[in-house]
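Dropping the structures in below, format is structure tokens.
Here chain A shows up in two complexes: once beside chain B, once beside chain C.
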Partner chain A sequence: MLDFLNLTVRLAAPVLLVALGGLFSLRVNIFNIALEGFMLFGCFASVVGAYLTGSVLGGILFAAAVSLLMTMVYALFVFELDVDPVICAIAVITIAGGLTRYLLIPIFHTSGRYILPPELALPTVNLPWLEAIPVLGPILNNHSILVYLALVLPFLLHIFLYKTDLGLSMRSVGLNAEAAASAGISVKKVRYFALAMNGILCGLAGAQLALSLNLFNVGMTNGRGFTALAALTLTGFEPILTLLACLLFGASDALVLMLSGEGYPVQILSMLPYVLALVVAIVPPIVRRLAKNARRRRAERTLMAPGRECPAQE
Partner chain B sequence: MGAKTAALDLRGLKHWALGLVSPVCAILISFIMAGIVVVFSGGNPLEAYGALLRGAFGSAAGLRNTVRYTLPIIMLALSFSLCDRCGYFNIGQEGQMFTAALAVAWVPQFMGGAPGFLQILVMVLLGALVGGVMSLIPALLKFLLGINEIVIGVLLNYIATLLSSYMLLHASFADPNSSMPMSYLIEAALPAAAMVGGVVLIVLVYGLGMQRTVPGYELRMIGKNPRFSRACGLPTVRIILIMALIGGAFSGLAAVGEVAGVYHKMYEGFAAGMGYNGMTAALIGKGGSVGMVFGSLILGALQSGSVTLSVETSVPAELVQVVQGFVMFFATVNILRFGFRRNRKGGN
Partner chain C sequence: MEPVVRMVGITKRFPAIVANDSVDFTLEAGQIHALVGENGAGKTTLMRVLYGQYAPDEGEIWVGGERRSYNVAGALALGIGMVHQNFMQIPEMSIVENIILGHTPKRLGFVNYRQARQRVQELLTRFGMKNSPDAPISSLCVGERQKIEIIKVLYLGARVLILDEPTAVLTPQETTELFGILRELKAEGTSVIFISHKLREVIEIADRITVMRKGRVAAGFDGGGVDETAVAQAMIGKQDVQLLQNDKAADIGAAVLEAKNLWCFDGDGVPKLRNLSLQVRAGEILGVGGVEGNGQSQLIDILVGMLQASGGTVTLAGEDISRCSIRERRDRGLGYIPEDRMTTGLALEGDIDENLICGCDNRGPFSRMGLLMRKAIRENTGRMIESFDIRGVSAGKPVKSLSGGNMQKIVLAREIARNPKVLIAAQPTRGLDIGAINFVREHLLARKRGGTAILLVSADLEELMSLSDRLIILYEGSCAGEITDLGTVSEADIGLLMGGVTRRKKEG
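Coming up: the complex of A and B.
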């Protein structure tokens, strides 16, 4: 059980990092569905960076840099050239899939997948004082730095959004860009900043995904960007709630990994995260709609109650 | 009077030619960008593009292959632009294709003894129906509950892909003796002439219907301004849902063509990545049928030439995907409008 929860935390980390990246974009009202593409760039760049520099840190930094560069190109297209952000985002995903598949061949002379030497895998941190805590210790210990970053970041982000000037600017740009502009906020600068943060976090997510397994696999993000979007729509872009939602996805990933060794059909098991994301995206709006209808019926009943005048017709 | 119509025609022609500038530029820029990628990875882009061109158009077999790859892309482009006109972003085309193909592969199981043409007929109808229903799910969720159709569509794509992988291993039509997951051979084959004829017919009906008929007019109106068309008394939501159904049916038909007309069996991942092709072609054509066929032809030629590319040069065939991505990326930019806006700014 503790193993399972430990695995949950580890598998939730990449989704969480992507989701927090997407949160920046959604908070400034850019529905960035290209998360998947930026993360794939991050995966590939982390492996290339680690390979070229011979260090894990080099891989992480390179992933963040490449992903940042790509988001800036995307931002340039969306903000300066007025393109359709959705189609541009899908183009980014297509380019990410194509370029990483293509560049694997000239850089690593292999096709489909490249495995780094094991010493370039993301090292895990063992904290003796954490180990000593009964239940929490084994769950939270022995993760990589990026997992810890992912776990701390939602709280920092909460503080950033609600306690700092820049966070306030971001929220106001998201709620009403024109009003924010007339209040003297530079909407474009705030949006570029949000997309830059989005890029860096997607890069880190890619680094965690690729370097924790020390390999790059074509299309290894496997829809995590979209899962993150589903999680975000569930939580209404709240960082701390997003942490919980992503842990749920981490748990489903962990369940798939643990059960796949026990003779269940792999394909059906692998559907679990996607079905979960589907449920997460569909059920809350239905519940909201039902609640609204119930409220309206209740209000009608009160209005029509005996002893009350009916509202005059015409 | 005659002079006036001629002048009008000339203006229409000019408009049409100007509309061509931006997609052609986008395609050229994409090839240049992909060429830069090739140079940096130590290849020769001119050699690569020469091989692509030879492979796609250089021989009768190559040409046939180009047409074969172009047909499904045309269907997908029609599907995408039809839905796009109603404000429904049909990104679930791959899922629609996979589920429709499952239905097609299943048909010989329950009507194996029936004559071939009857089986084909059922395959076409069933494939279209299944594709349509798959496309209706995100559309219903969007227009009834306001859920983003892109997230749902993509998730359904993943689920449909996994489902088809599972079915190709365990369902009654799965061939247990093959090395990779695939269905049994489908005996009743869709003839190539029927496929070409069918696609030409659908393109004609689409192109003329959109411009010259009342439903086409209504559809364009909904695309431009759904609130206005509702105020005009159109059952907007119902029309949109019907269009989503038809759009999905088109993707389903693309899958029927692939499975029953080309491969004669369904195998794992046969439609992977095809959905983006249709979207790109629709984007190049900006919703017009001529431009869409042109865009599909370019993408089809890329795919058909990619075999020659990997055989004759050291440049890997994966380059094709890079070009496709760039085409999509640059086709989003309306170069003309951008130019005009800059001019206006300069004037002020």
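Coming up: the complex of A and C.
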């Protein structure tokens, strides 16, 4: 069971990092569906970076830099050239898929997949004092620094959004850009900042995904960017709730891994996270709708009862 | 003494129009300076230049004796603040957050919410508001939200306050309260620029009145004892400023449109209409007044068929049409001039031909066997252009390039030419200049004489009082009062009904 939870945390980390990146975009009202593409760039760049510099840190930094660069290109198209953000996002996703597949050939002289030497895998941190804590210890110990970053970041982000000046500006830009501008806030600067953060976090997400396995696989993000969007939409872009939602997705991923190890059919099991994402995206609006109807019917019953005079007159 | 603000020779051009044409404007300390003019006269543009939102193409701005050029942040730093016509607020955020937005007090890199809350609380108390600084803006009513806008500007230490049509959304009582606040600010030495086209208010409050017309300063008056007609004439630039009135002496027939016990709830179960009943008779204009958001739009939507009522019935000429589709209702003689000609009234990308046959496009003579009859449609357009004096149109060009008045003429032509039994007119003259307002009024009154039952929903009290035969005031979705003899009530009485302070029992 503790193994399962430990695995949950590890598998949740990449989705969580992408989601937190996406949170920046959504908070300034850019519905960035290109998260998947930026993350894939991150995966590929981390492997290239690690290969070229011969160090894991090099891989992580390179991933963040490349993904940042790509989001800035995206931002340039969307903010300066007024390209529709959705069209632009589709372009990013398509290019990310194609370019990473192609570049494997000139850079690594291979196709489809490249495996780094094991010493370039993202190392896990073993903290004896953490291990000593019952239950929590075994769950939280033995993760990479990026996993720890992913776990701490939601809380920092919460403080950032609700306690700092820039956080307030970001929220206001997302809710009503015109009002923010009239208060003297530079909407464009805030949006560029948010997209830059989005890029860096997507890069880190990609690095965690690729370097923890020390390999790059074509299309290895496998819908995590979209899962992250589902988690964000579900939680209303609240960082701490997003952490919980992503842990849920991590758990379903972990379940798939463990059950398939025991001989259950992989093909069916691998649908599990996506079914979960679908359910999570569909159920809340339905529940809200039903609750609304119920409230309305209750109001109708109490106020429209026959023989009652106009209530405002009482 | 050096004036607080001096604008000299301001010119601002937009692609299609010169919005300000070498305008001079001077504001003294502690002055309430009214800027009046028709829509499109350039008042708001001039103030946006002063507020740093637009850079002038030509001209100089002197603030406190020094020549300046600046953006919005610079204007705020110079103590110039603007309260926009549509509030620049974020309903989801709290009062405090809205007020400190962009100017947060900081401590160790974090927003010092405690200090902000304290200062905001002081300002709230001063303005007699009992709301908590942490209450979301969405929980406030319109009058309160406007006060927040003013507080927002004062929080920044503004010495020049620009108010863009601040009374448009207020009841007469709220307006009086606002004027009290403005006088208090004036006593403290704050200068106020007050944009309006309601002359009576302007004459009541202003120390100085500047009239703009077509991008230029048309006249200037000193406050106190100014003649309303003189200002009005300067505003429109012709002698004839009389708006058409209903002579109220027509013969009124039987009820044509009848709504009985209408109920309507929104998604949260909040009642928007409470047991509302009304009748409109042939040859009668029934005015529906009230502060916006008290059920007017739900009432219209239910009558037209865009919204299903939770309870109650609608009958047209004795037949129950509660379950009819919109098209069926229109076929039975319902005409509708929607509140917003840009979204509901017209298809902006369509040309005049298409807009004029909307709703009758599926039958002869415009359509045969599913094909549009080009010739019949063109003839129809020609007739309409002539009889409704629609200007500036050309075939195949989208109607969005037309002026507001000509757009409204197209809507009017389409809805009136069908000779409806019932006409529902929502804010039919909103945003139009006096010439176009009179044109709309003329046609409404002509329809009334022709025996159409007209339901007129308007936020403009003057319009309701001069056009209606009978007036009902909505408050929180029910009828707060019915006024059958419009000669005997004052605007203040109606204001009390609009604010829900008093109620009138239905007569008869």
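Just so it is clear, the second predicted complex is superposed on the first by the 307 of 314 C-alpha atoms of A that agree within 3 Å, B and C clash if a C-alpha of one lies under 4 Å from a C-alpha of the other, contacts with A are read in each partner's own complex, and residues count from 1 in each chain.
Convention: contacts are C-beta pairs under 8 Å (C-beta built on N, C-alpha and C of every residue); 3 or more make two chains touch, one makes a residue touch a chain.
Small disclaimer: the values here were computed from a predicted structure and weren't measured.
Peer 1: Would chain B and chain C fit next to each other on chain A once aligned, or clash?
Peer 2: Fit: chain B and chain C sit side by side once superposed on chain A.
Peer 1: Is A:94 in contact with chain B, with chain C, with both, or with neither (first, second, both, neither)?
Peer 2: Only chain B; A:94 stays clear of chain C.
Peer 1: In the superposed arrangement, does A:278 touch chain B (first), chain C (second), both or neither?
Peer 2: first
Peer 1: Identify which of chain B and chain C touches the larger number of residues of chain A.
Peer 2: The larger set of chain A residues in touch belongs to B.
Peer 1: So, A:230: does it touch chain B (first), chain C (second), both, or neither?
Peer 2: first
Peer 1: So, does A:106 touch the first partner chain B, the second partner chain C, both, or neither?
Peer 2: First partner only.
Peer 1: Nearest 10 degrees is fine: what angle do the Cα centroids of chain B and chain C make about that of chain A?
Peer 2: Rounded to the nearest ten degrees, it is 80.
Peer 1: Does the superposition put A:268 against chain B (first), chain C (second), both, or neither?
Peer 2: A:268: touches chain B, not chain C.
Peer 1: One more residue to check, A:82. First (chain B), second (chain C), both or neither?
Peer 2: After superposing on A, A:82 lies in contact with chain B but is clear of chain C.
Peer 1: Considering only touches as defined above, state whether A:179 meets chain B (first), chain C (second), both or neither.
Peer 2: A:179 contacts chain C only, not chain B.
Peer 1: Pick one for A:168: touches chain B only (first), chain C only (second), both, or neither.
Peer 2: After superposition on chain A, A:168 lies in contact with chain C alone.
Peer 1: Once both complexes sit on top of each other, what is the least C-alpha distance from chain B to chain C, rounded to whole angstrom?
Peer 2: Here the least C-alpha separation of chain B and chain C stands at 5 Å.
Peer 1: Show which residues of chain A lie in contact with chain B when the two form their complex.
Peer 2: By the definition above, chain A touches chain B via 31, 33, 77, 81-84, 86-88, 90-92, 94-99, 101-103, 105-107, 111, 222-223, 226-227, 229-230, 233, 265, 267-268, 270-271, 274-275, 277-278, 281-282, 285-286, 289.
Peer 1: Given the complex with chain A, which residues does chain C contribute to the contact?
Peer 2: Result: residues 53, 72-73, 76, 82, 84, 87-90, 92-93, 97, 100-104, 106, 109-111, 113, 152, 263, 265-271, 274-275, 310-311, 475-479, 500, 503 of chain C touch chain A.
Peer 1: Quick one: which bits of chain A touch chain C in the complex? Just the residue numbers, please.
Peer 2: So the residues of chain A in touch with chain C come to 163-165, 168-169, 171-172, 175-176, 178-185, 292, 295-296, 298-300, 303-304, 308-313.
Peer 1: Chain A touches which residues of chain B in the complex?
Peer 2: 37, 41-43, 89, 91, 141, 145-148, 150-152, 154-156, 158-159, 162-163, 165-166, 169-170, 273, 276, 279-280, 283, 316, 318-326, 328-329, 332-334, 337-338
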